[in-house]
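I've put the structures underneath this note.
The same chain A turns up in both complexes below, where it pairs with chain B and then with chain C.
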Partner chain A sequence: MSALGAKPAAAGGMDPMASAIGVVILLVVIAATYMLAGTGMALMALIGVIVGGVLVGFGVHFVPVGGAPAAMGQAPGIATGVAMLAAGAGLAGLFGGAWAAGQGLVIAVITGGIGGGLMMAITCMFVNFIYVFGMGIPSASGKVAKDPITGDTQAEFKSQGTEGHGLPFISYVGGVIGGTLGGAGGTLIYIMLLDIYQAELPAMMDALPAQILPIAVSLAGIFAIGMFLVNAVLAAYNITGTIEGPHDPKFKRFPRAIVASAVASAVCGMVAIMIVAI
Partner chain B sequence: MESIVFGIGITALAGALATVAGAAENTESDIGSQGDPNSQVQLAPQMGYLHRIFNKAVAGEPPAYGLWVCLGAGIAWAFMAMQINPILAIILGSGLAVFVQGVYATTAYLGRTASLAKFGQPVYVDVLKSMTTVTMAHAFVAIFTAVTMCHLINAALGHPFPLPLLGLVWGIALGAAGSATGNPFYGKERQYQSQKFGAGVPISASGNIVRYAEAGERNSLDNGWFSAKLGGPASGICFGMIVFLELWRTVLFEHVGAGWGAIIVGIIIILIFAVIDRYIEVWARKNYGPYGPAKEEEATA
Partner chain C sequence: MSVKVEVIEGGVPHNTILAAGLVASLVCIYLSYASTFLGAPWMAFFGGLAAVAALVWGSHTIKHLCSYGIGTGVPSAGMMAFGSGVIAMLFATKFGIMAPIVAVVLAAVIGAILGFVANNILNMRIPVMIMSLVEMAIIGALVLMGFSAQIAGTFELMGLLSGSISILGLSLPSYQVSLIGGCLIATAFMLGGIAIQHPFNACLGPSWTQDRMLYLAAECGFLSMIPVAVMSMAIIPMGPALLSLIVALIGWYYTYAKYIELSKRDAYDWLDSKPIPELEGH
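Right after this comes the complex of A and B.
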């Protein structure tokens, strides 16, 4: 019951010193990558990876996650972990995005985003299906008096001794937006890394581009999954436990996660790029 | 045209396999008490309620299934590289992955339950003997179907990811969909069967899980039977629809409008699900009504 009992301050402010240090590390990593790799392509790849990581970190904040209390109908949201659910949606998006990689960056990133959003749309619908038809419980938010989208009042649909349950429509929309951003971010990381691996690996391994392709796809895929999990877990730490979606006061903490995700993605991205660029 | 018909057939088969995978995954995790409801299984002895429920939640379902499906897919991929028939390779790979799941389940049960020794919770060897094999059997069904689905996506539909990577991606998605859909049904409806239907479990009741069955003490096989009635099939349909619709929109509309066709169809499907979700939400509010008056009665009583 720690997720319910220990409720930290709703909106954590930005620590100026920590943010400044984060930005300095970010700039140092970008500069170091440019100096070491010496190509504009490596720099572009790193910036793409950072943007992708930020999209993932930001997107996780939209996903309504109730954790263990949600599994007992004690709190609204989806009854699983923040990082886990975001990873499930984002990776389903990455699957679609990777498939569309041959159709150009924009199409692939949007396809990846839609794949993540689709996964969340179906999952969130089934969460409400189980709550309503399996358990006889209507949706109710514990954080707002009225649903910001539909205007439905929430308090009278909250059963006694709970913080709410199910997924109010705003949480459903948040889940879809979160899955979309996660899927798009994961796909962007994958495509940026795939491009640089396809460009650098043939010369490095003295092989034809066609022979290199399976290695490039595997390397970019596993790095994209790894970086996705790094950013999802970072965002989960920022959220601390459960969040209802964009209407939750905890959502206002996202600027911290954006700085943290940018720095973490830059460091991870530099390692991923340096294995072929040096 | 033939390739599209072939693609749709493979898509339907992959969707069917995913449905079975989702149902088996959720039933397995509920028998093993691996999802979030496990917090109550772990909490109960601390509140004085000793029980005979299996307890193996040392990892969430998504990473655990990411590991097992990836392992099964990786071993199958290695066997296929040795020119072994794909069906045999997938069975062997899934079988070996299930042994890892069995070791995981055994050590997790012993570790988690032994940590409750100071609250008087015994480690039941008969529970270990009878439940572990049942979770392994369900895990085999889930892993085998998920790996077969990944093999179809890779070999027949031509997805660029190699089989182990697809196993990791879809294993994590399988665990995420299964835990999201099935956990509330097991957590609220089964573990707290003695609480009122149609309301969340009051926080004050935490830990007081139902420990007795029709005859004797309740065990995790009873929970598996209960989950298989709704939580499991719903998780299966959820995961099956995710896989089917994702593949369907890509196979049919990938080349329409230079890639935009699949995107537009994806947006339309999302909007349709949003409408269905809103309908369910409104239906529940209209038919179940607010809790208000009952709450006041109880407060004054």
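Right after this comes the complex of A and C.
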């Protein structure tokens, strides 16, 4: 009766025509930013934002998102939606990276990655504690016969009528990789925007750089959160809600998510940069 | 009852809600601009009312989109709305009095591109996807602009970036005591995000009724308006901030009472029980 539980019939393949239009939009946005802003710095910032957005969109594919079936122990993964998980991992990474923003780009991005990965590692561990000791179910994947890393067989642990349950080792590893990529991507977006705001805002506001710092940090932060959520939700649309981790067949859909994230980040990034550049 | 979730039976058609929400929201945002002529931002509470109008429209758009089964849960649509809306809204504030109009146009462009990306590149193939994401981006931008106007008393970029702090009777300009410098906008972002995703998430199901969901949306909007009014005390004078708080409390109480009444109407039966039973009955 209800269409709410139904999954849309998203095919695995890419639509070449739509992807071509997407790439054209991407190139037009990059060219327009260069023409309007007229500085190499704005262009570099936009490229950084696009790379960051792609990292976020790609990273979401690794995270074992279980949704409501996982909460009932009928599917593997963490029992919540992509938007919540990605926001948690990405914002944890963003806060970590923002602390290290003064240490230079590389250290800040790595710190952000570690922050996101740590957050996912802790989440996955306690999710498994609750599954194993609280709900009394073993961890088993329904999508593969053997765990690709440990080689453990899965079928004998899987309950009948379910798609697997708990958080198998590969899903845990996927969660940590996804959190790391997401945190690093979110931090890269933040650092790129922070740099351009710190450079441009003093002239625009006619104030000292030290006075401008809270505004630059806040603007970069809110734009980074906005872009992070847009990319995470687009990636969630790509995997139609649930995924087990990197071993899931849905993982092979990631190329179109990369195109999608690049286009979305380019459009949002251009607007975010134009707020100071024109 | 055999009402199908995916079909809106009876009630107000979606396009009417769209038009009413858009017009009411824009008019209320512009009414908040009138405080420029009053000396103090007495009209700031109209910003909150604009946000409530947009949220009511937004909850219906989410119903429209999510009845196709996007597979990612209802909250993701709200996050998408505000993620794209905040970008359009902040850029639009550069344009002074034209800001609300620019925000609507720019949000529509961003929403259309995101809709194209989701529908064609990601192969979602949902008929209302592009239109819904356009609406969601506009709603996100209008809600944030409304809350910003309520907190800062203005929707112009300079007013949002800089505030004033009084030390020993001297009024000094300060960038930290402002909507963006203090990052109050992040709180407004989440308050709006929660308010937009909750109504349909709470009311969906076979016994969904339109008026109940819309009252819940208004209730969530006024509930978010209460902390926004409290935050505005830091930036605008106490009088207008208290006025916003009173308007929000009255609006919240009315819509909450109405929602409870409609819930009892739609329920098969109801029983007033204590929240925590005193004795475990085995």
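Here is the rule we go by: the second predicted complex is superposed on the first by the 267 of 278 C-alpha atoms of A that agree within 3 Å, B and C clash if a C-alpha of one lies under 4 Å from a C-alpha of the other, contacts with A are read in each partner's own complex, and residues count from 1 in each chain.
In this text, a residue touches a chain if its C-beta (ideal position, glycine included) is under 8 Å from a C-beta of that chain, and two chains touch if they have at least 3 such contacts.
Predicted, not measured: the structure shown is a model, and the values here were computed from it.
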| item | value |
| --- | --- |
| Superposed partners chain B and chain C on chain A - clash or fit | clash |
| First, second, both or neither for A:168, with chain B first and chain C second | first |
| Partner chain(s) touched by A:128 [first = chain B, second = chain C, both, neither] | first |
| Touched partner set for A:225, first chain B, second chain C, both or neither | both |
| Touched partner set for A:19, first chain B, second chain C, both or neither | second |
| Touched partner set for A:257, first chain B, second chain C, both or neither | second |
| Partner chain(s) touched by A:236 [first = chain B, second = chain C, both, neither] | second |
| Which superposed partner A:87 touches (first chain B, second chain C, both, neither) | both |
| Partner chain(s) touched by A:214 [first = chain B, second = chain C, both, neither] | both |
| Contacts of A:272 with chain B and chain C, given as first, second, both or neither | second |
| Region of chain B that runs into chain C when the structures are aligned on their shared chain, from 111-119, 255-263 or 273-281 | 111-119 |
| Contact residues of chain A, present in both the chain B and the chain C interface | 1, 4, 67, 81, 84, 87, 214, 217-218, 221-222, 225 |
| Of chain C, residues touching chain A in the complex | 2, 4-6, 66-73, 75-77, 79-80, 82-88, 90-91, 94, 106, 110, 113-114, 116-118, 120-126, 157, 161-162, 175-176, 178, 180-183, 185-186, 189, 204-206 |
| Chain A - residues contacting chain C, complex | 1-11, 13-15, 17-19, 21-22, 25, 67, 81-84, 87, 205, 207, 211-212, 214-215, 217-219, 221-223, 225-230, 232-234, 236-238, 240-242, 256-257, 259-260, 263-264, 267-268, 271-272, 274-275 |
| Chain A to chain B touching residues, read off their complex | 1, 4, 67-74, 78-81, 84-85, 87-89, 91-92, 94-96, 98-101, 103-104, 107-108, 110-111, 114-115, 117-119, 121-139, 150, 152, 156-162, 164-169, 172-173, 176, 213-214, 217-218, 221-222, 225 |
| For the chain B and chain A complex, residues of the former touching the latter | 35-37, 39-40, 43, 60-63, 159-162, 165-166, 168-170, 172-173, 175-177, 179-189, 191-192, 197-206, 230-231, 234-235, 237-238, 241-242, 245-246, 249-250, 254, 258-260, 262-263, 266-267, 269-270, 273-274, 276-278, 280-281, 283-285, 288, 290-292, 294-295, 298 |
